[in-house]
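Shared between the two complexes below is subunit A, which pairs with subunit B and subunit C, respectively.
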Partner chain A sequence: MFVVRFLARRLFQGVIIVFLVSALIFTLLRVVPGDPVRLMAGGMAPEALIEQIATDMGLRDPIYVQFARYMSGVAQGDLGQSFVRPASGAALGGASFDDTTRSERAEVLTLIAETAPMTIQLALLAMIFALIIAIPIGIWAGLNPGRWPDRIALYLSSIFVSLPNFWLGIVLVLLLSVKLQLVPAIGYDGFAYTILPAFVLAIEIAPFIIRALSVSVASVMSQNFIAIAAVRGLTQTQIVFRHALKNSAVPLLNLLGVQFSMLLGGVLVIEFIFDYPGLGLLTINAVLQRDFPLIQGIAIVTAAAFVLINIFVDLIATVIDPRLDY
Partner chain B sequence: MERRKFLSYSAMIGAAAAIPRINPDFAFSKAFAQENRPLMFLSAENITGNWDPTAHTTLSQTNIEGFVMGFLTRAPMRPDDPDKVIYELATEINEIDAFTLEIKLREGVTFHDGKPFKAEDVKATFEYGAQPDRPKQVYPGPTDTFEVTTPDDYTVIIDTSKGGYGASLFIFLASYLPMLSAQDIAEGPNGVLSQRLNGTGPFKFVEQRGNDTVMEAFPEYFRGAPIVPGVTFAFVGDGTTRMLSLMSGQADVIERLEPEQVETLEAEDDIKLSRLVSVENKYLFFRCSKPPFDDWRVRKAAAHAIDRTILWDVMGSAGEPSSNWISPIKFGYIDLESYPEYDPDECQRLLAEAGYPGGEGLPELEYLTSTGFYPKTKEYGEVITALLQEQGFPVRLNVMEVAAWNERLYDRPGGGPGHMVDCGWSTGSPEPDLVLRTHFHSSSKRICGIVDPEIDAALDEERNAPSLEARRESLQTNLMPLLAQKVPALSLFTSVLIHGMRSNVDGLFIYPDGVADASEATLS
Partner chain C sequence: MALGTKASQTVLSVRNLSVAAVDAAGARPILSDISFDIESRRVLGVIGESGSGKTVLARSIVSWLTAPLKVTAGEIMFHGRDIVTDQAYARTLAGREIAYIGGNPAGALDPTMTVGAQLVEKLSAVRPDISTRDARDKAIRLLEAVRIPSADRRFHEYPFQYSGGMMQRVMIVDALISDPALLIADNITQPLDVTIAAQILKLMRELNEEFSTAILFICSSLPVACDASDDVMVLHDGRVVEHQKPEALVAAPQHSYTKGLIAELPTLWQDGPASEPQSPTRDQQAIISVRSAAKAYYVHSRGQAGMSRVQAVRNVDFDVFPGDNFGIVGESGCGKSSLMRLLTGLERPDSGTILFKGENVGEASPRRLRELRRKFQLVLQDPYGSLPPQSSIGNILEEPLKIHRIGSRSERRDRARSVMAEVGLSDTLYEHLPTNLSAGQRQRLNVARAIILEPQLLIMDETLSALDQTEQGKLLTLFERLQAQHGFTYIFISHDLTMVRRVCSRIAVMYLGETVEVAPNDRLFFDPGHPYTRALLSAAPTLEARRYRPEECLLEGEPPSPIDLPPGCAFASRCPNVFDRCHRENPTLRARGNSALASCFLIDEHESGPIPQESHNA
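Take a look at the complex of A and B:
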């Protein structure tokens, strides 16, 4: 019964959040400079034609009318059609204004459905790499608070967090892909192409996990039940892995949820540098092309994913620690 | 031994035994080059989404057409022999008289869809490509100004007497307009032409997969099947990403290298570079249809304010000095003596004469340029802005990403946005009218928006010249000096196309408009 009440309440809140995000993005897109119809119709199109297309598409209606029309479509699972992309999904440049064949445009939902799995794969692998890097360092630091392992973890985290991801990406491509020929880097032609961008992302998020884990482990390790555990005859390994880590997991889980959500929406630079065909690259091209429906669609899907991941994380947290009340 | 330890040890032994059986190819197999694989070409520009070759002027799509389509002739346009023509689908082009051209066609050529290539295809292509509503607007004149007849399946006669211009204009056009199938054209602009490419070239269009255009070798290509099994032409927007991809071996050829990238790649043993003086000049277009640049004296004053030698220094290896409105490898090029060069005194004299002494009274002038496609636009844009400001022009430089710049590029009624626009223009033919008429005739005036009866008359005179020699003279002694006087745009320099390629790529021929012929390319 708790789960049903929890889900109903959180999903309702989530819908409101997504609605507000949609309204914000929708309004902002329409007040920034750059006429998407000019891009669609081509630079040589006469003004009269531009106005005609804009009127036909309802782009000259008041913003609230456009938003209501758009949201009624979204409610029926229709995120609309891309302004510029054809069904093949190719990024487009200028063309002629009287080019009627360009009306065969891609569905926003299809474009997102094709690219989102790529970004999820990238984000999951980045998360795995980040955990592989952060867990040993974080636990080690947490078990030795104030001593040199803790300081090393702090310095390492500082270095990781200070490295600009675009710089690290280029350096790693030069080193691992160009010089050592270990992994491919640019584009996507198989799973191997995910490794390097995921590693760069992992370096970016590992410091947060290291910090959260070391503080959490240090805090748990100072509690009475840990001190008593040794008296009960448990080995150090058993104390750390069965008791300390389990109790440190809740703050870590929350952090992972937030980080994963941010990865889904925040891989723009990495996907652009690595030409990785995920949501990030799709977003950048959509922004450059003033492809309003696509930008809105991505924003809504990303916001919804953020909300759902957080609900899921909170639900898992209550399973781990039944004392929690959300 | 304890039961738990026994289980742990046996699991470890099992894992150790399994390691050699793990297939590392899962992660690494597709990473790097193997022979007998498609050539990977990375492009700096995206495509239009309409495959009709007459529906766009987009360079990247023209490059794709270079792999797939066939042309009557090809023009290598090398500086030492700019007028050279190589016969491809045509075997002979004969001038019967000033208004009649005879084209003999190659036999035994087929389109990728199996249709034999015949005279009817040439007739249909010329008539379709010259229709006034086709965005590529292939000159010399619209369809009703010439007549194409086909005495037999492999002979085409072009009669331009109706239009009053020389039939020789079609000679250069032959290397510009790809030959389309008459069957495809019959379906019109909304038919199959827009859905896919169908040519007679060495590679067959397979599909557009996201940003990758996939082509495979056409076994029945009339010069013999290509050696590489295909070409993948991919749009990658970031220049650094393209360069890294080339260095890592994932790309075979990349285009539009920046001068700094050239320096980096020159140090790499397994990379080679191709430098070509291109058919593209870079221009500073003035919006001639609105003040203050509707006055030729203000335009010319601005031209005299700009020291182009500084721009050439900025461009380094990516720019070639030239003093004309067409590239040195185009028909009729001459280093114009009257080309407006840096002359501050003359600039001030013209400004005063136009009623703006020392620039006083001039409105704020917006100078639009792009960043991300053409090399160094921002850098030399800042130089031009500073030089113009020095002479009293209140210029504001507006550097935009390509899509926003593209949106503001062309002329509109009452003048387009801004007052000056940076842009290049590239056409894969020695034909100068594809640049001059496109930009400076009142029927087209793409960017500058100029309407000047004297320039129109000069353009018509050179087009209507009865022979190539007469035409050359008209261009060099009438039209070009007139442009130097009226300055609807200032040509800054000729672009140098720099391609980077892996050293194992051999036999790839690159034309000065960036189109590549990979029919004999190999990946050794």
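Take a look at the complex of A and C:
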């Protein structure tokens, strides 16, 4: 019963958040200078044709009319069509206005559906790598606050956080792919292509997890019930693994939720460097081409993902700690 | 019987134990040369003021000394084997043969696991031979034994769903579940209300007889220790200064420290008020007049749609006259602090009126309220949280004057210095931060900050609760002097009956948001009109012969939640004299003659007969 009410309330809030994000993105995209129709039709198209296309597409209507039309489409699962990309997947831009091959424009939803799984795969693998690195170090530091494991964790985190990801990416490609030929790097042709970008991302987010975990483990370990537990006769293993870790999981979980959402929404640099065909690369191209429907679609999808991930995280948190009440 | 011979066995024998705080600077002794024995089925009480080493003693026995504390000499023999040198042996005893209960039940269990799961976990950890099923049955059986209502359901609840008193019962179960030979009870009743503490002590004695455990009962209150123990050991400055039977200790204390302690103990019935408090005449305008004040809060409670209504204050009625010392007593959750918020205008009542010299505080404009506040000031309970740590003492004192735009800079400075002198703070502290002040000095500073505005009414919300007996006495003397000089009226909000007995002329007793009794001091203590007052008096820690026997008056169970109050009298569920009518209608305050009021239907019956009532003033 609690779960049903919780989900109903949070999903309702989530819909409002996504709606507001859409409204904001929609308005901002339309007040920036530059006419997308000119880009679509090509530089050489006559003015009358451009006006005609624009009117046909409804781009000359007032913004709220355009927004209402767009949102009613979104409600039915239609995110519109890309301004620029052809459905055939052929090369973009540059073509003349009377090129007949580009009449069929790609569905935004299809474009996102093709690339999102790639990014989810990358994000999940990055998260797994990050946890493998961070959990032992974080717990070890948290159990020995102020002593050398804690300091090692701090130094290691500082080094990780100061490495620029584009530099680390390029160095690792040079070392592991070009010199040692261990893993493939550029583009995508199978799961192995995910490993290197995921590892670079993991190095980037591991310090945050180490820090959050060591702080929360240390604070839980100083609580009364942990001190009393040994006097009550529990073993050190029971105390650490059954009580301390469970209690320090909630702050970590919140951090992981945020980190994962960020991985989904914006691994722009890494996907660009590794030419990884995910949402990030799609976003970069969409922005460069002023592909408004695509930018809007990506924004709405990532906002929705953000909302869903946070609902999921909060639900897990209430399972771990029954005192929480979101 | 086999048990009978077992009963005389010595369980723990401490010989010449010394513990010191050892660091680079050297060793500072905490405990010196402590020796005692405990036999099974006996309770040894240990008393001493804070800093006397009681808790360190408890922790050395359960092998819970943390750096820099170290045993420097002596031995702790458990069944003839030393646990100081044999750490491995000590580890096998922890939680199994030597159980420990601390003074902070609220934080003693993992908040994310059910109480039952943790009891089972503990028993399985110390006795791996017991199956989970048996452990579970034993836990539920013991929860029933400590009178947790519907124990098999409560077994699956989380620690935050238990009240403080219930949680302490759970910790008793946790300690006894492994059938330990020795139980260390370190200040277990300290955070509890008197009626709940009395229940816990009674329970502990019963369990002691049933389970033949030896108990080391550590406590800071002499009456409680004498009540609970077979022998009492007095610790002072880390040494045992006295070790006697409780009766002998009270009758003929040997050491000067014990003598002083007993002489200083406030009494409820023997001596009466320190200086006969005179109720001022009631033929004048009351300084505070509360009429059926009520305040409810709305809280979101888990697993329930919408908000729940918590009736913090329901029917409060009383008058306080100028120059009076008025006491408000009651246990935690009775609405004392919510009432304080209403009296000071921090919150407005939902209904009813609060008149300050005829002016309605509840309806005053914010601007008028600020002006009125100069006339009534508040002194809070927590000496640490109530002072800003980064302001100098002078600034803290001058701030109220600045807020009310009184005086020039130098005038304010002079006023601050003069109130500092009045409350007994040295002039040299003016520039200092409050960081290094003791709790007593901090409360003096709080009083100084309140009286610098020359108020007429001072509301003391548990102001003395955080202080030890000696310091309390000094501050009470200060209050008396200030009253004589400035003609203050005091309202003391407190749970401490002995303090109220000493200083107040009229006392209101609160239970679940209602004033159930309002009476002059003597009348309240010698002829209480409400069964709850009698229960409070029977549970109050004192060495005197009790006028009200705990067996007759002590309450079972805990107060109902202010969220879903039963119909009728709120006290009915715990009242020893309950009858049909109590469950149907709620009694209101009714006169008992001589300005005494109580809300109990029994008064109608008693008072209907012509019983002449004598009170100390009319």
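Keep in mind that, in the parts below, the second predicted complex is superposed on the first by the 316 of 326 C-alpha atoms of A that agree within 3 Å, B and C clash if a C-alpha of one lies under 4 Å from a C-alpha of the other, contacts with A are read in each partner's own complex, and residues count from 1 in each chain.
By definition in this document, contacts are C-beta pairs under 8 Å (C-beta built on N, C-alpha and C of every residue); 3 or more make two chains touch, one makes a residue touch a chain.
As the structure is a computational prediction, the values presented were derived from the model and not from experiment.
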{"item": "Touching partner for A:Ile135 - first (subunit B), second (subunit C), both, neither", "value": "neither"}
{"item": "Touched partner set for A:Ala192, first subunit B, second subunit C, both or neither", "value": "first"}
{"item": "Which superposed partner A:Pro184 touches (first subunit B, second subunit C, both, neither)", "value": "first"}
{"item": "Subunit B versus subunit C as contact partner of A:Phe274, first or second or both or neither", "value": "first"}
{"item": "Partner chain in contact with A:Arg242 - subunit B first, subunit C second, else both or neither", "value": "second"}
{"item": "Partner chain(s) touched by A:Asp35 [first = subunit B, second = subunit C, both, neither]", "value": "first"}
{"item": "Most subunit A residues touched (candidates subunit B, subunit C)", "value": "B"}
{"item": "Touched partner set for A:Leu154, first subunit B, second subunit C, both or neither", "value": "neither"}
{"item": "Contact footprint of subunit A on subunit C as seen in their complex", "value": "62, 64, 94-96, 99-100, 102, 104, 107-113, 121-122, 125-126, 158, 160, 174, 178, 300, 302-303, 305"}
{"item": "Touching residues on subunit A, where the partner in the complex is subunit C", "value": "1-2, 5, 223-225, 227-235, 238, 242-243, 246-247, 320-323, 325"}
{"item": "Footprint of subunit A on subunit B - complex, ascending", "value": "26-32, 45-50, 52, 55-56, 58, 60, 133, 135, 189-190, 194-195, 207-211, 213, 234-238, 240-241, 244-245, 247-251, 401-404, 406-410, 412-413, 446"}
{"item": "Complex interface listing, subunit A residues touching subunit B", "value": "33-35, 38-39, 42-44, 46-47, 84-86, 88-96, 98-102, 114, 170, 173-174, 177-178, 181-187, 189-193, 195, 272-275, 277, 284-285, 288-290"}
